[in-house]
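Below, chain A partners chain B and then partners chain C, in two separate complexes.
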Partner chain A sequence: MLGLNKKDLQLMLIVTGLTMLAPFILNPFPESSGMAQFNAGYPDLMQRFVIFGIFAIGFNLLFGLTGYLSFGHAAFLGVGSYGAIWMMKLVSLNVIPAIFMGVIVAGIFSVAVGYICLRRSGIYFSILTLAFAQMSYALAYSVLTPITGGETGLQIKSTDRPIFSSLEEGETGRANLFGMDMRQSFELNIGDWLFTFNAGYYIAAIVMLIAFYVSIRIFRSPFGLMLRAIKSNQTRMSYTGLNPRPHTLAAFVISGMYAGLAGGLLVAMDTQVGPERMFWTASGEVVLMTILGGVGTLIGPVLGAGVIKYMENILSKINKDVLHEWFAFMPDGLEDFIVFLVYPFIGKGWHLTLGILFMLVVIFLPGGLVEGGQRIGKWIKNRGKAKDTGGSTEPAE
Partner chain B sequence: MEAIILQILNGLDKGSAYALIALGLTLIFGTLGVVNFAHGALFMIGAFCAVTFSRILTLSHTVVDETQTDFLGNPLKVDVPYLHDLFGQATGDAIIDWAVPLSILFTVPVMMFVGYAMERGLIKHFYNRPHADQILVTFGLAIVLQEVIKYFYGANPIPTPAPQAFAGSLDFGAMLGFDPNLIIYPYWRIIYFIFSAIIIGAVFAFLQYTTFGMVVRAGMADRETVGLLGINIDKRFTIMFGLAAAVAGLAGVMYTPINSPNYHMGMDFLVLSFVVVVVGGMGSLPGAVLAGFLLGILESFASMREVLEILPGLNQIIIYLVAIIILLTRPRGLMGRKGVMED
Partner chain C sequence: MGILEVKDVGKRFGGLQALGDVNLSVKENTVHAIIGPNGAGKSTLLNCLVGKLIPDTGSVMFDGQSVLGRTPHEINQMGISRVFQTPEIFGDLTVLENMMIPCFAKRDGAFRMRAIEDMMREKDIVEKAESMLVDMNMADKHHMHAASMSRGDKRRLEIGMCLAQEPRLLLLDEPTAGMARADTNNTIDLLKQISDERDITIAIIEHDMHVVFSLAQRITVLAQGTPLVEDDPENIKGHPKVREAYLGETA
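Let's turn to the complex of A and B:
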């Protein structure tokens, strides 16, 4: 179905199910319980999950398939965001043209950047992309202030009068989809649980599912195979008479357009943009997401984006008092000691946890969390089997 | 004319920092073939060594001073550094005043050890993995080191002044016969430049004129053959890693009076130093130094008012722009060797 084989279709259905039911799944704890702070089912965070999922899927199309490690991917996200917000400010408050504009602008920009950067590979490619991203950031911050708003960034103001809109005097425009406000939410109370169904989230989720579907198709297409050939041995590919450049450029541009799509969606959700979105740490973040989840796998990047955004928003909120509350059942001295041990890794120190987790993944699990899951799965399977066969084999003499 | 001299001088101190960091990066790359994204973190740790050392020097105990009273008329409690007890007031104060230069003595062994531990504990296991993996794991390490420092020292910059003797500025213009006050240059920046020149010279002399350096250079050229000659080249390369870490650490120590250290200063410098290394040519030590000074000076020229009027924003992007042009026209960098990471 849909041109997917059975396994991919299963994966697609699982992802669809998870994203559609996310408001339930991410809110497993009752509102009044102490665990409620682990609930991630509020619209803003859910939107970030899927949007950064798109960003990471796009990055994975480049790094996972061709092996080109771009350290400047946030530039495309930023450029896409700027394109989208200008579309909203000038033409229409509808999110669809804005998102399209983001994709197109990021696509054009990535053609230019890719054409230059892809002349080199390896570490040079990483540094060239980094240089371009830092340049875009510096320009957005300084000279291009009339276009980018400089340090303050751009927002939709009450003075903005898009052409296709019927705003009253002094009314601030809001992002909408044919009249449906992005911030519109439907809240469902079941017992002590509160579930929020947000219009913006569902739009972003549907876009994410489409993006995910396209990425599966690319992975399974002859084009995807070609990209993997480039990753494994570029020289051999040239000897067989195939020019790798157009393929890598195509992958780069597709990947940049995914970033632009994510940028456009971000603007559609919160209608603002600032240059810090292009800073190289933002590019580093998408690298972290992809590696953490599992580079070169389909679901990995989405998973990684989810883990990192969850840590950023939930883990960082835990402070010392909360910790003391948790460990209150222990004797006083032990409680203080445990809090002292745990505290550096949570709250403001969540980056430390992220760094350690990331290093562990790179060292021990090059395939990321997906590989970890597969290994555990295999281990459980083999444990069952090991009993039948008797386990170890004798070495041959 | 004055403006040009001033810009060259301004470029020198930034260029010195770039050159020192890039030198260490290149040493690691040339010997071990590892792209070390954590090198900026080593620079930052060096700077915090200076902070730690000056905190150790000012460790104090409280005594009640009967001769002074606070506003309530009670005897005033004064913090007296232990150094006063040990060396007397005048000498103790002088030592505290000279904390930054003195912390060099403290930094070198610490950084050698940090470098050694890093290489043996982590990077050793990554020689046979792709460059992308090396970049990723050192990038992760940089985040971890940065966060550890942030946890212990906080997120705010910590002012660490230079000794009183170097606090002022030199009126360089007057010395050359220009009007006074046209070219003013802080003493500490001159010290920084001289210091980095000495370090760079020392590293080169060490590689050029000692037996150890000769073996290392031979190992850089052909690691396998040197190994076949019965020399334990790995051990020497590990020591070189420690040395590179010490160079980065020293660059950080001496930079503290110019810019108060904060936990992300390493990352800020790292991105630029990579560009410097690439412009100079991967694996070329003179190239790294040359490119460091060149880019430092170019950057300060680009921030001249006259230039900014014609090309606004140039100072922000000049380094990256130069890097892009160099990489596309001279893929090996200014002084890159043939066959070293050409793709």
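Let's turn to the complex of A and C:
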């Protein structure tokens, strides 16, 4: 079905199920319980999960398949965001043209950047992309202020009058999909649980599912095979009559367009952009997401994006008071000591936790969280088998 | 006129004249061996034929067209395939995938974007790759990781990948170097079979005299970057110049 083989179809269905039910799955704790702060089922964060999932899926199409490590992918995300917000400011507040604009602008930009950077490979390619991204950041921050709004960035103002809109005098436009506001939410109260179904999240989630589906198709296509061939042995590739250059450029541009799509969606959900979106740390983040989840796997990048965004938004909100509350049952001295030990890993220290997690994964699970999952799966299977063979006392013949 | 005509090719590396005025003519549908002591310039000559190196002087014509100034993939698409001294295969891919790539290259050319189709549903490609694996006696290795195979199998796969492109000229650079006797004999048999069964010209660089004299119909002896003699195998064996320059070491 859908032109996918059985395994891929299964994966697609699982991902579809999980994203559609995310408001439930991410809110497992009752509102009044102490664990409620670990709930991630609020619109803003759920939107981030899927949008950065798209960003990472696209990044993985380049890095996972061809092995070219771009260290400047945030530039495409940023450019996509700028393109989208101008579309909203000038043409229409509907998110569809804005998102399209984000993809197109990022695509054009990545043709130019890719054409130049792909003249080199390995670390030189990475450095070139990093240089491009930092240049873009610096330009957006200073020289290009008329287009980018400089340090403060761009947002939709009450003076913006897009061509296709019927705003009243002085009314500030809002992103919508044929009239449906992105911030529109439906709340469901069941007992002590509160589930939020947000229009913006579902739109972003559907876009992510499409992006994920397309990425599966690319992975399984002749083009995907060629990209893996490039990663494996470029010499053999050239001497087999295949030109690696247009292949890598195409992968680079597709990947850049995914980043632009993510950038456009970010604007559609929250109508503002700043240059910091292109800063090198943002480029580094998508590298971490992909490696953490599993480079070259289908679902890995989405998992990695989820884990990192979860930590960034949830772990970072736990402060000293919360810790004291948790460990209040302990004797005072011990409580202080434990809090002292745990504190560096939470709140602003969440980066430390991420760093340790990242190191552990790279050292022990080179295939990322996906490999971890596969190992657990195998272990469970083997345990079942061991029982079967161990339990059977009858002779084989 | 041979299918491959090398005229006055010279190549310098700094102060070293690696090749000087090499002339060589390879006739269609023959096996032509190029032999010579280490450092004679055999690999350099081969690299000049496939676009890896550009000679300083002279011309290289394949089937009436110059190959000079073309990139390796363009030259390959003209009909020249190359087997490397150490097997170059796609180690991360399966054996079947390895074999499918040259089939795609043959059908679709140097670049064609087919990003939505399912590669396993390209029936003609899969069938061709599978039948090639049968020809290479590797049908059972199908889903193996190419990198995990033995050296001899990698060599077989590489030769098979080159043949899948149906090249007119197959170039081999010391295909049996570092191989055990049994693997060497297997490779000889395979190459013999290939040259008997297919319309293909083979140019082989080889160090191992056993291989050369079991395969070649014509031999060029290269020494210090220049061809000493070009003749039939019987005449080469007893040639005094050759004995002096090359066979003398072993005889």
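One rule holds for everything that comes next: the second predicted complex is superposed on the first by the 382 of 397 C-alpha atoms of A that agree within 3 Å, B and C clash if a C-alpha of one lies under 4 Å from a C-alpha of the other, contacts with A are read in each partner's own complex, and residues count from 1 in each chain.
Throughout what follows, contacts are C-beta pairs under 8 Å (C-beta built on N, C-alpha and C of every residue); 3 or more make two chains touch, one makes a residue touch a chain.
None of these values were measured; they are calculated from a predicted model.
Asks: Which partner does A:Ala36 contact after superposing on A: first (chain B), second (chain C), both, neither?
Replies: neither
Asks: Based on the superposed arrangement, let me know which partner A:Leu128 touches: chain B (first), chain C (second), both, or neither?
Replies: After superposing on A, A:Leu128 lies in contact with chain B but is clear of chain C.
Asks: Which of the two, chain B or chain C, is in touch with more residues of chain A?
Replies: For chain A, the partner with the higher number of touched residues is B.
Asks: Examine A:Ser238 and indicate which partner it touches, taking first as chain B and second as chain C; both and neither are also allowed.
Replies: second
Asks: Contacts for A:Leu194 in the overlay, against chain B (first) and chain C (second): which applies, first, second, both or neither?
Replies: Neither partner.
Asks: Once the structures are superposed on A, label A:Arg228 by its partner contacts, choosing first (chain B), second (chain C), both or neither.
Replies: A:Arg228 sits against chain C, while chain B stays out of touch.
Asks: Which residues would you name on chain A as touching chain B in one complex and chain C in the other?
Replies: None.
Asks: Chain B touches which residues of chain A in the complex?
Replies: 67, 69, 116, 119-124, 126-128, 130-132, 134-135, 138-139, 141-144, 280-281, 284, 287, 291, 344, 349, 351-352, 354-356, 358-359, 362-363, 366
Asks: Note which residues of chain A are touching chain C in the complex, please.
Replies: These residues of chain A touch chain C: 3, 5, 214, 217-218, 220-226, 228-229, 231-233, 235-243, 246-247, 250, 254.
Asks: Flag every residue of chain B that touches chain A in the complex, lowest number first.
Replies: Residue positions touching the partner: 35, 122, 125, 131-133, 135-137, 139-141, 143-144, 146-148, 150-151, 267, 271, 274-275, 278, 282, 312-313, 316-317, 320-321, 323-324, 327-328, 331, 341, 343.
Asks: Can you tell me which positions in chain C touch chain A when the two form their complex?
Replies: It is residues 50, 71-73, 76-77, 81-82, 84, 88-93, 97, 100-102, 104-106, 108-111, 113-120, 122, 125, 161, 165 of chain C that touch chain A.
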